[in-house]
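Lettered A, B, C and D in written order, each chain numbered from 1.
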């Protein structure tokens, strides 16, 4: 199958490469010449504009977006809408908010262009191990893309599926990431407790490695944690600063909209916010209050 | 009534003074000469040893302990046990763990000495405004102390009461402090949200002051918060470092022992722990994990 | 000053009455005849349509909205916009989302009508005790309304103030309610711990009453809690079901948007959601997981 | 190696069987005749008393305890202490609190009996897949037991290790279980959000199965969750009631003792407590408070 990949960053390039290894033909577009060059070196065609990319694809065309969620996705889609025709298919493989997906899908539906959302997990390991894909969209459109998904997935019939109508893929991926926050935080807290128990001088990497086999907490994230602890057991040089890329916030907001209490996912997000606020105003105010009512000493800044 | 006050720190000295203003006779003991001198200057007797203090009191004797919880309380009580006789009364007005109180009360009961626990709230404002007292102990023993409690309280029949058998006073005070943590944290978070909303340039002191009159969130803690914000609206020079003095931990542990989910009191304690951990290991590990699976950049320390 | 009150439900009627007691002239509109009749009985004029209400007011007109936030507010404002003229003033005293307020204010500004948002706290007690009001809007417009605010507030210069430009009033009120959630939850948890400590047979109403005087946790909410516990100490007949009216959700969302970690306010909201989910799917799944890995028994429904 | 297994419940019987499969000789004791019979049927010796068991073992003896933590463990150990001699080794493979382990180890050390604590994970799957073992104790003693651990583990050199001195094994296992609580809760919340999104009619088992391959959240617990969802996608007949067996509580207490903020592990425990409190007093009180200040309706029980 021939596919146009839009966005040749780390994720897009990896997916393109995995598809080529699986026998698919690839044409790629990215505004950065070096990203295009990189893809060409691996045997694919490249195009220096969306229009040129579209021209390289046989009808009905299949285009896979792997660009940052938000404005860039919107801009790209606006341009694509003008270039494509009824029967073509666009897949948004990025981390779009499912509400944006629902909105965008409508404009494509008006032109009878298939719009498919594919929540993609696997990170930098997807090239080697395959990607996990939660797909939303019209059944026939998804079925037509089967060869693509079978190649990107870890195995032909594993790690991918159409989970519902358009939007359902990104929704499911959003919740996936919310869970991911919770899992990560649970491990981080546990290892922090171990690390603080100085009387036992525990070797965190050893413990992570023991747990990888036979324990109830074994997981892929634990494998990665073990690797991180092996490389840098004391986390030297790493700031206690944890970024977030949006899906956690959306999950928390969605849970509340659905009247679902999700304390662990929510607190995992809040801990990330807290990690970036070294100068917490609320903690200063608490110290000031304690001083007010109890005369408790305030630590000076 | 004549009372021996043991411990003439801020709280003990204030209580002694309020009692004297109310017409009671006071004898005080403290290992620090300046604390004794301070009390004498206000018209009370002082003693330079527990034995000397006990000798100054008419039988049946009444002794009020206002010393730090834990070892100092235990040491003082061990000494008192030898000096007192059946019919005497010891009141522990400090922040003892109620389990310690139950244990200690038994050894006093063996010698027929009354043991009364008095959880005391009011902080540095108690001298002027009166103390809130939650009292545990034998009914008759507490009743005999009525003149003392009526004087220490904000009003004769307000702000004090026997809440149950020995231990019940300190238990109730412990939960009081747990609630206090939650209230403080709620205000601190709210003001922090206001402070971060830069587009409105809100004046936090003004808002606290508005809320003091007629609003649902008016409280004494809000009065103090308003005072703190008036003095130092930007919390300049105050480190975001919040201490805790134990009762919050005990409340959290007790809630869990009783199978009561108390998320807000619990999180209030955890936020204080978090405030003292500027170099969070768990946050470093989270950053390392994100780098492992997604190649996300790590902020350098 | 003459003021048109739109919405004569509990809050609107109380505010109208307090204004009349303070010497202001009132005209009121409500679609329900009995609400209008009720106001007339207290000596005010009433109107059976917005147009009729507007006609009863001298220019520049002052109209106070006290209607449910959301669609009803929007509908009323759309009608008002057609009826009012440059120089008139509309005050939204309800619990509108401040983002709606910003949007609505723009349409009024286009017609040079003053738009003032007034976050109002005090509940059913406001008539007797006065309302706490956080006001956003143009300085001159707010100043012109001074006689109104001075009358509604607990005292002439207490419990009200212009906190910033339009939107700032509702924003501040929103955070006020977020704090309220946290305070309430802290008390509820504390009393629940006391209630579960059966060995001490604590009298919750007595304890609440003791705390009202001299303690660090004294507050108006505690006064109300004491009243509730006096009337019904075992909470007999009350379902463990806690509603929410939106401001808590907005506060949580806003905190996250501002990157502020507000765990206590957030958990207070989640506990309310949890209280309404007697059939928690996540808890069922947890029970099923425990059974899967450890063979732990599942409780049957 | 010949080993005496004390406690032939599910875990003990499975471990005995795996050891026999690995070529070790087993003698077992359990007060229940059918448990002994069951072991005999698999080819091991059995004894109807601790003394008889000890008599069946060659010196230096090796005894593995797999009995419920707490009083039963203490009782068994008290008896063993009388029956064993210097050079013998006792391994506590159960979920003992590490503080109990430290206390018990001292009494065995006084008699020069080796005391080894082995935190064991793997649940009912350990027989087939091997157990994960975190071991504390004297280095030489642990080394002597190597053949046992190599057989019980998933692979010779995987899934087990001496993590530190006596106590360190149970400490590490305790934290392992704390993490387990957090992981489980994160999945449960995520699936609950998916389940509540009725507009997408998501198939939770399908999604769990997709995530098992290639996704960031893949894990053994997810495999089990997928199995549970396959068998009973709507969790029919399962009460939303989640038990806990102690290690979560200990982890929370230990984290607080170490001044480590572990919100996710803590909230996971609290949610379990909450799941067992269908008649929450705090929620009733919240409803009563809302009624007090705002006149909000109370739902009747």
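Side notes on the structure shown:
As a convention for this text, a residue touches a chain if its C-beta (ideal position, glycine included) is under 8 Å from a C-beta of that chain, and two chains touch if they have at least 3 such contacts.
In UniProt terms, the chains line up like this: A, B, C, D = 6-phosphogluconate dehydrogenase.
Quantities reported herein were computed from a predicted structural model and do not represent experimental measurements.
Contact count check for C-D and B-D (C-beta pairs in contact): higher for C-D. Relative to the C-alpha centre of chain A, the farthest chain centre belongs to B.
A separation of 33 Å divides the Cα centre of chain B from that of chain C.
Spacing of chain C relative to chain D, judged by their CA centroids, is 48 angstrom. Distance between chain B and chain D, defined via averaged C-alpha coordinates, is recorded as 39 Å. For chain B, residues touching at least two other chains, in rising order: 123, 185, 187, 189, 192, 196, 216, 221, 259-260, 262-263, 267, 270-271, 274, 280, 282, 293. Across the complex, chain C is touched by residues 216, 249, 252-253, 256, 259-263, 266-267, 269-271, 273-274, 276-277, 280, 282, 293 of chain A.
Within the complex formed with chain A, the residues of chain D that make contact are 121-123, 126, 129-134, 136, 153-155, 158-161, 163-165, 167-168, 171-172, 175-183, 185-187, 189-190, 192-194, 196-197, 200-203, 206-207, 209-222, 251, 254-255, 258-260, 262-265, 267-268, 270-271. Contact residues on chain D toward chain C in their complex (touch as defined above): 10, 123-125, 184-185, 187-189, 191-192, 195-196, 221, 224-225, 227-229, 232, 235-243, 245, 263, 267, 271-272, 274-275, 278-301.
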